[in-house]
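As written, the chain order gives the labels A, B, C and D, with residue 1 at the start of each chain.
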Amino acid sequence: MQSGATTNSDNPSASAGPLAPALCVSRWFNAQADISLESLRGRVVVLHAFQMLCPACVSHGLPQAMKVHRTFAQSDVAVLGLHTVFEHHDAMAPHALQAFLEEYRISFPVAVDRPSPNGPLAEPVPTTMRAYELRGTPSLVLIDRQGMVRLKHFGNIEDLALGALLGQLIAEPAEGPQQSSPSTAAGDSTGAPTPIQHRAT
Amino acid sequence: MQSGATTNSDNPSASAGPLAPALCVSRWFNAQADISLESLRGRVVVLHAFQMLCPACVSHGLPQAMKVHRTFAQSDVAVLGLHTVFEHHDAMAPHALQAFLEEYRISFPVAVDRPSPNGPLAEPVPTTMRAYELRGTPSLVLIDRQGMVRLKHFGNIEDLALGALLGQLIAEPAEGPQQSSPSTAAGDSTGAPTPIQHRAT
Amino acid sequence: MQSGATTNSDNPSASAGPLAPALCVSRWFNAQADISLESLRGRVVVLHAFQMLCPACVSHGLPQAMKVHRTFAQSDVAVLGLHTVFEHHDAMAPHALQAFLEEYRISFPVAVDRPSPNGPLAEPVPTTMRAYELRGTPSLVLIDRQGMVRLKHFGNIEDLALGALLGQLIAEPAEGPQQSSPSTAAGDSTGAPTPIQHRAT
Amino acid sequence: MQSGATTNSDNPSASAGPLAPALCVSRWFNAQADISLESLRGRVVVLHAFQMLCPACVSHGLPQAMKVHRTFAQSDVAVLGLHTVFEHHDAMAPHALQAFLEEYRISFPVAVDRPSPNGPLAEPVPTTMRAYELRGTPSLVLIDRQGMVRLKHFGNIEDLALGALLGQLIAEPAEGPQQSSPSTAAGDSTGAPTPIQHRAT
C-alpha cells in the first residue's frame, strides 16, 4: 500500500474514454439497495477507491470525499466509496470495514469491490479495481453526466484542482451536445467528450 | 479588521450583475504596466482584496490566491491582488506593501486601491473597494470571461468550493451566447449570465 | 469509541500514586522479547493506549507517540503502545493490528492488552486498561523513572504541554530522594513524588 | 529575511553561559512599565525575537509564543517578544508594529529592540539582537530562573522539543544548588548550569 501514499506522474486529464465499467460489488454499506452507475446517469459520479488501512486514504482521500459529499448538491454529484482490498485481505474484511465506517462516520454509500473469482491468493486485486485498471489506493475516478470516465487519478489530488474538475463536469449538459445537434458530428466522428485539462500541481 | 476573519452569511451566488467596475489603482506591483479589466476580457479574473496586516488574508486568502495562480493556466485565469486599506493606513502604505510582497514572495500582480479623494480620514474605504461594495478583507471577486461580476465573497472560502466555481466559469465560452443568437438582443434581461450556484459550506 | 475523540475535563496532574500496575500482554509487536515495566525502571515511560480504528488515535495520538519516540533519547524515554480493544473486537484482532502497524510504519514496541479472562462479551475492557482505570482511547500514561504513575490523560493533549511534562520527568533523578535520605522512611507520606502540575489548555 | 524561514544546524543546547545581556529597548507594548530581566529573576524567560513581516515568525514563531503564554503559569514562565528589525526598517516602525500587535491580538509584552546608535543605514542590526548574537528571525532565547542564557535557537522549533526544554528549566530551583550547598563547589569551579540537551528533530 506504500504506493498509495505517492502521487502519480501521469496526466490525470488523459482518461477520457468509453462508458465507465459496471461496478462489481459483493456488499453495499450506507445504501438501502444496490446502486448501479446507470441509475446515476445524469449526475457526476465521484468514485473514491480506498482501503481502510491505507494511511493516505484515511488522512486525505476519505476526508476529501466527505467534503465533496457535503459541498455539492446530490442532484449534481454522487459520491461513492469503493473498498478495493488488494492486500491484508484478512484485516480488511467487510465486518472490519463496517466498524471503520461507523467510527469514521462516513455517510456516503460504500461498495465492497468483489474479490477475484479465483480468490485473493491467486489474484489479490478485486474485480472492479481491475476493470478500471487502478494502480493503488487512494484512487479517484470521475464519471461525467453521460457515464463516461473523465479522470482516473492515483494518489492525492488538491481540493482546488478537484473542485475545478467537478465544476467543469457539473457545467456540462446531461444530454450530450453531439446527440442534440447532429451537425456537430462533422469532423468529430467519435463524439467523445473532451478530456479534462488541468495543470499538474 | 476583525470582521475580515469571519465568513459571511449571505449567499455568495447572488452576485451576478453588470460589467465589473473598473479598477481605480494608485500603483501596481509585479506588473510591467497598468492592467485594466478590459485587457483581461476573455479570461476569468480572480480579484483578491486584502490588507497586508489582516491575519485571515495572510493565513488563508493570499496563500489561496497563490495556489490559484499556480494551478490554472494563465490563459484561463488571471489572478490580481487588490490592496484595499481601510484602517491602519499609516502602517500599510505602498512602501510597506512592497516589503510585504517581497517577504511573502507574492508573484501575481497587486494593485494598490486608490484612496478616497477626500482622504482616508474623511473616507477610510478606498475607491475600488467602495465601487465593488466589499464588506472587509479578505474578499474574493470572480469576474467571468465576459467581464461580469459573478461572485463577491467576504471571508474565507474553501478550496473545493472555489475550485468548483472556477471550473464552471472556465467552462463558459469567452463569447456570450447572446451574441451568437441575435434574438437575445441588447436589453434582453434573459441574456444575463446565470449566477453561480454552490451550496454553502 | 466516540468518547475517544473528546478531551477530558479532569485534572491530568492528579494522577500521582503508587507503582504503575504491571502490563498484562497477550502479544508484543516490534519487540524481540516481552517488555516489563521493571526492565524500564530508571527511564520515563510513555504508555500510549489506543485502538487501531479510533480516529483520534490515528490522527493525533499515534503520530504524537511517534514524535516522542523520535525526539527523546531512548535512554531517557521509552515509548510503548498498548492496544486496548474494548469494542469492535472482531475488527481489531492481533492480525489486523499487525497490518495496521506495518501500514502506519509504527516502530516502537506495541503490546496487545490481554482480554478479560471472562471473554470480551462478558467484559469488553481488557485487563491492563482496567487495572489503569483508563476511560477510553486515546489515553496517555506517564510513568516516572521510579516506576510511579504521574499522569493519566484521556483524549488529546497538546505537544507543548506533553513536552513540558516529559521535560520535568526527565529532569528527575532515577534514584528517588527518599532513598538518599533515610528519614523519609517507607510509609512516610511525604516521600511521594510531586504530582505534575500543568495548566489546562 | 529569507534566512528566518530556515532552521539552524547548530546545536541548540550549546548556549549555556553567563548572565543574559540586558534588553536595550526603545519602546514597550503590552506593558505598563519597562521590564528588566532582573525583575524576572526566579522565572524562566522565553524571549521571542521576531519581525512583523517575517513569514516564519507570523506563521510559526508568534503563534508558538502565544501558546507558551497560554500554557504555563506566569509565575513559572515569562514570555517576551522582541521586535528585532534588521531590514525594511521603514515598513516595520513602531507605529506599524502597534497595528500588527492589535490585529494579531498578541497580548504578551513586546519590546522594540533599540536601533544601533549609528543608525540602521550604518548598522542595520539593532542593539539587543547584536548583544545576543542572533542570526535572524525567528529566534528563541531561553533564560533560566537564575538569569542564564540556556538556549539560543534560530528558525522553527517543534512544540514538543520546546516543551521539554521548558519543563526541564521550570523544574530547576530558583536558587542555584551551588549557592545553597557550598560543598558541591568542589570540582565545579564554574558553577555553570548544565546546558540543555535535546535531540535534534
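Note that in this section a residue touches a chain if its C-beta (ideal position, glycine included) is under 8 Å from a C-beta of that chain, and two chains touch if they have at least 3 such contacts.
As the structure is a computational prediction, the values presented were derived from the model and not from experiment.
Comparing C-D with the candidates B-D, A-B or A-C, the pair whose contacts agree for more than half of the residue-numbered pairs is A-B.
Chain pairs A-B and A-C differ in how many C-beta pairs they share in contact, with the greater number at A-B. Distance between chain A and chain D, defined via averaged C-alpha coordinates, is recorded as 51 Å. As a whole-number value, the distance joining the C-alpha centres of chain A and chain C reads 40 Å.
Our note on geometry: chain A versus chain B, Cα centroid distance of 33 Å, whole angstroms.
Counting partners per residue, chain C has no residue that reaches two or more other chains. Those residues of chain A lying in contact with chain C across their complex are 1, 53-55, 58-59, 88, 90-92, 95-96, 98-100, 103-104.
The touching residues of chain C, counted against chain D in their complex, run 64, 67-68, 70-73, 158-172, 197-199, 201.
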